[in-house]
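For reference, chains read A, B, C and D in written order, and residue numbers begin at 1 within each chain.
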Amino acid sequence: MAQRKLRGGMVGGGSGAFIGPVHRMAATLDGEAEFVAGAFSRDPVKSKSSGQEMGMDPKRVYSTYQEMAEKEAKLPADIRIDFVSIVVPNNGHYPISKTFLEAGFNVICDKPMTTTMADAKSLLKIVKKSGKVFALTHNYTGYPMVKQARHMVKSGMLGKINKVVVEYPQGWMSGLITNAGNSIGMWRMDPEIAGGSCCMGDLGTHAENLVHYITGLEIDEVCAELTAFVKGNRLEDDGNVLVRYKGGARGILYASQISAGEENPLSIRVYGTKMGLEWRQEDPNYLIVKDPAGLQTRYSKGNSNLCPEAQAAARLIWGHPDGYIEAFANIYREAYKGIRAVTAGKKIPSCDHPTAEDGLVGVAFIDALLKSNTSKSKWTRMKV
Amino acid sequence: MAQRKLRGGMVGGGSGAFIGPVHRMAATLDGEAEFVAGAFSRDPVKSKSSGQEMGMDPKRVYSTYQEMAEKEAKLPADIRIDFVSIVVPNNGHYPISKTFLEAGFNVICDKPMTTTMADAKSLLKIVKKSGKVFALTHNYTGYPMVKQARHMVKSGMLGKINKVVVEYPQGWMSGLITNAGNSIGMWRMDPEIAGGSCCMGDLGTHAENLVHYITGLEIDEVCAELTAFVKGNRLEDDGNVLVRYKGGARGILYASQISAGEENPLSIRVYGTKMGLEWRQEDPNYLIVKDPAGLQTRYSKGNSNLCPEAQAAARLIWGHPDGYIEAFANIYREAYKGIRAVTAGKKIPSCDHPTAEDGLVGVAFIDALLKSNTSKSKWTRMKV
Amino acid sequence: MAQRKLRGGMVGGGSGAFIGPVHRMAATLDGEAEFVAGAFSRDPVKSKSSGQEMGMDPKRVYSTYQEMAEKEAKLPADIRIDFVSIVVPNNGHYPISKTFLEAGFNVICDKPMTTTMADAKSLLKIVKKSGKVFALTHNYTGYPMVKQARHMVKSGMLGKINKVVVEYPQGWMSGLITNAGNSIGMWRMDPEIAGGSCCMGDLGTHAENLVHYITGLEIDEVCAELTAFVKGNRLEDDGNVLVRYKGGARGILYASQISAGEENPLSIRVYGTKMGLEWRQEDPNYLIVKDPAGLQTRYSKGNSNLCPEAQAAARLIWGHPDGYIEAFANIYREAYKGIRAVTAGKKIPSCDHPTAEDGLVGVAFIDALLKSNTSKSKWTRMKV
Amino acid sequence: MAQRKLRGGMVGGGSGAFIGPVHRMAATLDGEAEFVAGAFSRDPVKSKSSGQEMGMDPKRVYSTYQEMAEKEAKLPADIRIDFVSIVVPNNGHYPISKTFLEAGFNVICDKPMTTTMADAKSLLKIVKKSGKVFALTHNYTGYPMVKQARHMVKSGMLGKINKVVVEYPQGWMSGLITNAGNSIGMWRMDPEIAGGSCCMGDLGTHAENLVHYITGLEIDEVCAELTAFVKGNRLEDDGNVLVRYKGGARGILYASQISAGEENPLSIRVYGTKMGLEWRQEDPNYLIVKDPAGLQTRYSKGNSNLCPEAQAAARLIWGHPDGYIEAFANIYREAYKGIRAVTAGKKIPSCDHPTAEDGLVGVAFIDALLKSNTSKSKWTRMKV
């Protein structure tokens, strides 16, 4: 029996945005959902025109997210949206999520979850109380081979994990270093909007989440140095972190926006007592397992030798590259399982997407980094 | 102003098919179209159940493609499908395309276009007469960096092209070589369904099309050896071809289904008097330019230093991998330009998708290979 | 007990030569030999000055190779050279080898062995009659991972071999294509010196030898197209070949000197019924085994999981790259085993270096290519 | 005019050693030197037998290095050694270097230079006073493309350097983690022999030296965490370091011996305001330059577009891999320039090899790491 299409709304993501279209493609890739409502911009005119471009019913293109939440909630159950995707700058995540959750909607939200610890804790409570689905788009965990990596660690194939190196360098700000004028307007560099962190909030939290997803390790303490190389940037654009995980593993985590010439090479290397593994986002359909006996074995997406989760996460067979959108769509697909359960009045099943708990960890991670940095890189306990 | 969603139909691609879902994801990725009708299987029951799974109106899930063409044609203009996607085995391409074109529909069809030269020539005539869009899914030309390669050759950056090496080895049949029982049922090995070629029709035509797309070169003569390694296979599962292009360039083209352990590494290397270039489908977002001065330069998708066509073909910025589905979707996106023109009663603009002319060349290519092979690899002129 | 250093002589390889110094480094790398005599140039003055630069006793720097052979033969056994390295253009290989073998010396000779079939057959007879060591420097078989590849094929790990793709494109002549004036002087393009082939003699024979070394396959028939792209080149600078091996395997072999931007990427891919493998000369310390189950496994040099021959051929442990010189030195090291046996009056043991038999095959290979090419790429049997 | 062969002696490096043969191959690769004396083991019998295996005059195979220094010094100038290569565990570097320098010999010594700061400072004074050549075998700086990287940074091509990531993970100790019995005997884990550091002394100093060589950056402060994962190891087998360079650049440096499955992938990434670059020791003949405009350009060894130093450091042309031994030999080749000057009574010219000054920096680096580590990763100034 065919499932009905879920109805989505979007806050943010108007014309010209980067991540809005990604959410729209990802959310609808499998034909499970369609967007029917939105508040696409803080500028009501732009919101309207964006909705029009998408062919949306003008009545359901709202001027503010508050209006959207209020009016959608009043629509009949078979018309109103099932979920909202929140794709605005960081400081909007908390109030908008709160508003929609309290209005009875499921939420898909960009990361980092909030800009303060207080908000993160508050939101987690709101989520729990709501009984709704809250999914955070740490999209990189949607890749099939990341799921395979997780499976291998869990299965004990690597032995006890001793070391993790995760890196996420980008270079797009390098040109701004000596050229401050243009850059200051960017919201990512504005503490009022981005929160206390630029680079680590944007990239570092993905790195932290990826480590946790694959290895299950939890951070105990961090020792961080955050640097702003771009003139006039009040937040860091580069961060280097030593990490102590609970249980004794040690790690390096770094992220950067001034690593000239790097595009998006998020990568992770995990070393256990028996084996190592490596995954790189720019070549995402492969996973390298490193055997001290002198072998490096490349597993590839879409093969039947992978774990069920990795197989299910691939939309295509071997040799036919799944990309970023497909990985992103896997976050949505998992969220939809929960949303359909909620809609059907059932208990939310265990779904493989980042949650509000993960979001709180991410915010706590940034919080610990900032504290360590301001105390001359003193080892700082991460408190969730 | 928002464009209305185009309405698509599908022939073939029922539950369990590989390429059907790819077409559905690709066709709808940008929100430009939705599928509203289909004849998904020659088995009417399976057709119905497949349509149901997709949540389609049962009235528009047909038992046969003939019924579908006939009944859809009678629907009002604002309800009937705008195009049909044909995703059936090779021998269905001709009659189904013919039926829908003659019924007034635009057609998106899998390759190879037909199983005989006569059909190919006939279909080209039908297409021309119809005034409709006919797009052939040589999907690999949809990748952004393939468009960049084409641009570079056209611009003269490589100088005069002297040599082209294109290869498309797969290995999935290798296990069948000594194990004939299971395999004979596969339609790809059945001349009644696949036509005169198995490996070259499936893979070789992609390779041929890729060379032509990137370089503009036209094949003059081929010298081919086709081999069936799988026991009981009446068609070849491996083909090696020497190629003479018009104008003096020389080439190697090979395809294989018995290259054990290869997944889908279609690749092309083009050498001119000034530079060489290389593109590999399994790492599709990069293009390597080889400079005899001792430099190999990697261009990457999503950057502003690329030609407009390559930029437009990317859905995401640098470092965020576009995959197979996105490339496939580019074929649809280009076809939609023509379909919207047809629907609006306008002249079909120049669109960047493979056409019936390309399809005829592909069939002529197979025809020449078969003739060369049966004449002990004699050089054989390719006649279109 | 320490072995005495073998005494080597060299014909060719004077100041400015490319391959002379390679032979000198390779021959002496392990401290097993030193060069004490030479005829380094057809120009006696240059020969003298080259010998002087090497710090050699002027009495043993000769004006001609004939003089060298004659005078060295008259020296006491504990002074005269044990072997001669012949590093001159192709047409010198036969007469110089003949002269030294008949004068009682062991010979290390560059490839191709001779420029005609008659000479090749004659030389093989001379070698057999002489009871001396004759080693041909198909140096690429000296790499450790080539030995590992051979071992894997022999062991049956790949199953029955069905297909082999070997390629050896270079690009250094690409700049000459439109610039004929400078190039004609090159001896490689002069049939009087190079023999009937330029590209295939220089590169193609390495490719052929590599296939045979790794797989044991013998060529049955070839179908070849040889092309001269460089203006004024009377010999081919590009060659594409279809190959039928005895026993049913099929192959592609090509070599080129006009593949703009390629450096020296000799590579081989071997596909059996069970597995495939790939080795690339520009990344020589790794061997990729391709398993249809969805795994590609990289074996690396210097590990204890390799076959004894591969382990012995590595001078350094894992991760410490062995290079071209070390592989070349392995040819010498194997030849020295035979030379020491000859010197000690013992039977020559089985040594792992290319022989006069291999040299004859190489010349027969070129001969078959030329015949096929002049008969419009007709399949031509390779006769040894 | 030919130069005479320099005469070398060796301390350590007897039968079964890893690095002794490397020094012998490297030192003699270009025919510039030969080894004629040695004290190959602290065991006089093994020393003798090792010398015998090398075919050395038994009179010049000594029982102790002291005896060797004393007796060689008394030999006539045209017989005694010109230099000594010291290839013993760390704690031997200082006394043996001191002894030979004071006896009037040039010294080539393994790293780290000494095991204490006091010894390092003392040795630097002795070197200066001696007027002899002292070369430290930070061999990785001998690679041609490392010299090219240095050239590019110096030339300003990268802009101002802001970030450096250097890593040197190995995995060979990973198997020992749960298996303490076998490992404790290894000298690298014995503070009496290795000094205060295992992993950082062995690998970390190479990393530090590589950064300095390429970028010219000097370390200001370090923040380090050193960990012993192998049971019973009194020294660290893994070290993660945050680095502040003078002038504001920031860096990460790490080394490891428990990164399971890694072989020897020393690598460095340097990011400036304009460009980035990357070099990897396991693929040493290439250098990647990363341009924020969307290009990554691979420079390769042996081409004429490289700086003179990189060209001179290559023994072979493009596409013919130079390996570890050739890079090592470049350290010797540069040292020989100085040694020949000393021998000729001339002023030592500027030579491109690591010096005692570099050695002192390396020891100071370890010293700072140990201090930072014992003070809970407090930022610690590196004092030379």
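Some points to look at:
Quick note on the criterion: a residue touches a chain if its C-beta (ideal position, glycine included) is under 8 Å from a C-beta of that chain, and two chains touch if they have at least 3 such contacts.
The structure displayed is predicted, hence computed values, not measured ones.
Interface matching across B-C, A-B or B-D places the copy of C-D, with more than half of contact pairs shared by residue number, at A-B. A count of contacting C-beta pairs for A-B and for A-D identifies A-D as the more extensively joined pair.
Spacing of subunit A relative to subunit D, judged by their CA centroids, is 43 angstrom.
Distance between chain centres (mean CA atoms), subunit A to subunit C: 55 Å. Here the spacing of subunit A and subunit B, counted between their Cα centres, is 35 Å.
Contact with two or more other chains is made by residues 262, 296, 300, 318 of subunit D.
Across the complex, subunit C is touched by residues 293-300, 302-306, 318 of subunit A. Contact residues of subunit A toward subunit B in the complex are 1-5, 18, 21-22, 24-25, 28-31, 52-56, 170, 262-265, 281-285, 300, 315-326.
Of all the residues in subunit C, the ones that touch subunit B in their complex are 158-159, 162-163, 165, 167, 169, 171-172, 174-175, 177-178, 223, 225, 227, 229, 238, 240, 242, 244, 250-252, 254, 256, 258-262, 269, 271-276, 289-292, 296, 376-379.
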